[in-house]
Amino acid sequence: MRILFLGDVVGNLGVDMVDQYLPKLKHDFKPQVTIVNGENSTPVGRGISYKIYKQLMNDGADVITLGNHAWNNEEIYDFIDDSKNLVRPLNYPGKDVPGSGYTVINVNGKKLAVINLQGRIFIDPIDDPFQKIDELLNKIEKEVDYVFVDFHAETTSEKKAMGLFLTGRASAVVGTHTHVQTNDNQILNNQTAYITDVGMCGPFNSVLGMKYDSIIHRFLTQRPTRFEVQNEGDQILSGCLIDLRDDGTARSIKTILIDPSHPYNR
Amino acid sequence: MRILFLGDVVGNLGVDMVDQYLPKLKHDFKPQVTIVNGENSTPVGRGISYKIYKQLMNDGADVITLGNHAWNNEEIYDFIDDSKNLVRPLNYPGKDVPGSGYTVINVNGKKLAVINLQGRIFIDPIDDPFQKIDELLNKIEKEVDYVFVDFHAETTSEKKAMGLFLTGRASAVVGTHTHVQTNDNQILNNQTAYITDVGMCGPFNSVLGMKYDSIIHRFLTQRPTRFEVQNEGDQILSGCLIDLRDDGTARSIKTILIDPSHPYNR
Amino acid sequence: MRILFLGDVVGNLGVDMVDQYLPKLKHDFKPQVTIVNGENSTPVGRGISYKIYKQLMNDGADVITLGNHAWNNEEIYDFIDDSKNLVRPLNYPGKDVPGSGYTVINVNGKKLAVINLQGRIFIDPIDDPFQKIDELLNKIEKEVDYVFVDFHAETTSEKKAMGLFLTGRASAVVGTHTHVQTNDNQILNNQTAYITDVGMCGPFNSVLGMKYDSIIHRFLTQRPTRFEVQNEGDQILSGCLIDLRDDGTARSIKTILIDPSHPYNR
Amino acid sequence: MRILFLGDVVGNLGVDMVDQYLPKLKHDFKPQVTIVNGENSTPVGRGISYKIYKQLMNDGADVITLGNHAWNNEEIYDFIDDSKNLVRPLNYPGKDVPGSGYTVINVNGKKLAVINLQGRIFIDPIDDPFQKIDELLNKIEKEVDYVFVDFHAETTSEKKAMGLFLTGRASAVVGTHTHVQTNDNQILNNQTAYITDVGMCGPFNSVLGMKYDSIIHRFLTQRPTRFEVQNEGDQILSGCLIDLRDDGTARSIKTILIDPSHPYNR
């Protein structure tokens, strides 16, 4: 089983990179499953719209994951309940959170659970991601063959701790949210594919995908500043490619990076 | 001018990696200057001792930088004022902070300023790093040929913003503190070498260099837990190699990574 | 039903104030139940010991509540499970947290639930206090006549929101943790006694009960500083007196304050 | 010298309370100077407008102070530079912050400095309030007779530490920002009037002045919620009255509280 995962798609330039490269990547690497984090895919870089959800699926995604910005475009409340391949973080609190925190998809007769989970260190105090993933896996792990977790979190410590906590239970624990790819892709204990963050898809010369002038201005003044998505210039696409064995463990995880210094030339 | 930089050295395994590999790296890559971040180099992973400072210098370091853990081993107050190649973050507040936030060293008749700077997002509220580096550069930039900044900070946004803020003024802005190497080494505007974080030197199967069992226990219970440095098992060394042009701008920045999956084989 | 509650007892001066005044207060006001927050009652101001627990009970307390410092004196693990009137915050995560988050005591044939609950804004990310208190009340509210909640939290917003959330379900929601008494004691909707914080018992000329020189030094330097409990000088005792009606609602809540400007003269 | 100070005026109900009671309070207590914190005085509870600034001055204020919400209504950039009695926090960073962090007013031949200062614990990382107030007082303290500080901060520890830091240098250190009045008004070392927070003016049945339903919803869901100012129902006015001696020290500080349980009946 080969999984292609692309990190946080930010704004129009992010969606454009997926439009351009996802078909090529699928043609060249032939993943059975493609997962894309769409939490920043609207033109303003916060949340997702139905139109963009459909566009990312048309580009070749099988599942779209989200994160702390899941709810920033209120339109999501209209379509998340009917979109079974759009997954929001599992551990938002309450009994009637719209949408679902995971989906199980069939791939050549095998079942893959795709789970979206969110960290709490320096983000919102939602339910405990360690508790919630443990409960979910207790419930579903006997019925699924593979478990993929997009762990959307800020700190390297919470992410690595989650990777180690799930070693042997998840096939892959892949980080998102910081928008910068890390260089620590590895197989934990020869069982679980792990990377602290796969990075983002979108504007290259930016801070988190935003125009950097206003971000620097904010750091210098600490007064409110409008942040705008960078909408022109160089682009980046970040992700990873994971190969799983039939027993549900991971064989390899490789990073994917397309940017001005790393042109795509397969 | 070639600079070799190694990220946060953690505990005995970190010092051991520097002992083992720094001489080889210097032999093989022939940097004119070697800088090592030593903020976690005591056996308990917090602060630095005089003995270890001397050991790292003997291994081949020219300058040792620090970070938020600079003051955790109180012995530092005894030797920092006399150790001109031991640099603590520039932007600690007050008029009589022990030690210095930068040092200027002579390399083949050229002057290199090595500056340690600390971020504030999700760390302690010390003085504004943007303001302080701006003031320092206004003071010294005409008298030095190269400027190297170890920016010790948590978030990708504060670090990338700093890199962009200093583009054209610093030769290199290199991040530390998260202990995980990022995959975004780049030359900003063909002028300034940048990487969000170079990563750490120390225990490989760990969270930030600490034994992961107690870290996971802490996440699961939220009750006080003793964190201990991982003192056995696989090791990692992380850093980067930066080449600067005579005009003070950067030509290239390459990552260095030695771990079980990346054996050293130059 | 009259309840006397005393806020966070800090260090030796705090225990001394309880020794001195609790018998007088009980004699003068004749509460049926006395509850004391003991999370800072060791000589170092963090946690509680068995000896001090016994001493506070001997002084006249019926129940001791705790807070985020509950676990700082590790001795607590030895006696909390056997001390049914020592209550730690309900919402620590996990299935086998030592001790209990509430106790039910019988008072003249009526049942009073005393619950300790902890906030999350700017404190540790434990389980959701709103969810957990809702679940507990769903389970026990039919079997008890009165519900007293010590809500140990930092911000005025989380505390007032909790008071309003529990209006009509709790007889009293009383805040602790900031160590400063607020002047907003009130009966919410003629049902629930509320105060944002009752304040502390201990050293008067202090910051949170600690010697202020080292606290100011910490603010000025942002470097590690040893904080020590203030162990001499003026003292303060802070608390409140709550009268409940037979139907479980609150009739009144009055603050108690004994300090150099407010000598006890009943 | 008698000073009347009113805490954060929130929304229309807050402005209405000032309209109603400030003339009466001035008539009854005859302060020489009246200071009002207006950081939440627009109808949406964030920032201040020129119209409301003028209205509060017409009601009898001599100086308006602000806080972290100073900049939320962008109109302020149009009039703050020309409004010498509108004071924003002193310690916003940068050399060209609009407006001023203090004003000196003449009262019967005496000079009173009114300073607005903002804390950093759990608020934005602006410049160090301890450093900045020390620098300002070094500059002006010989030229003024009285010093009044509105310290806009979150935690009881930062506020009390500031009060103790300025004991003997400021005539009064009065806290704002938490919107809840504390019961610890006192004269520090017989020199400096102090209260941790004077509380707010505005809607009574609210959380920070906002409708509580949406605040509770936010705590329960952790998803984005629109917060709206409470615009009807009971009202509160909070403040304090400070008497200073001719030598610049404080003689007394008394709280003012008008709400449904504390009708005004002087």
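Worth pointing out:
Here the chain labels run A, B, C and D in written order, and each chain numbers its own residues starting at 1.
Criterion: a residue touches a chain if its C-beta (ideal position, glycine included) is under 8 Å from a C-beta of that chain, and two chains touch if they have at least 3 such contacts.
To keep track of the chains, here are their UniProt names: A, B, C, D = TIGR00282 family metallophosphoesterase.
Note that this is a predicted model, so its numbers are computed, not measured.
Just to note, of A-D and A-C, the chains joined by more C-beta pairs in contact are A-D.
Fitting chain A to chain B on CA positions gives a rotation angle of 180°, reported to the nearest 5.
Chain C and chain D have Cα centroids separated by 29 Å. Distance from the chain A centre to the chain C centre is 43 Å, each centre being the mean of its Cα atoms.
Annotation for chain C: residues 93-94, 125, 128, 131, 220 touch two or more other chains. Residues of chain C touching chain D in their complex: 122, 128, 130-131, 154-158, 160-161, 164-165, 178-184, 186, 196, 199, 207-208, 212, 215-216, 219-220, 255, 257, 261.
Those residues of chain B lying in contact with chain D across their complex are 93-94, 120-121, 125, 127-128, 131.
Partner chain C is touched in their complex by these residues of chain B: 71-72, 92-94, 97, 124-126, 220-224.
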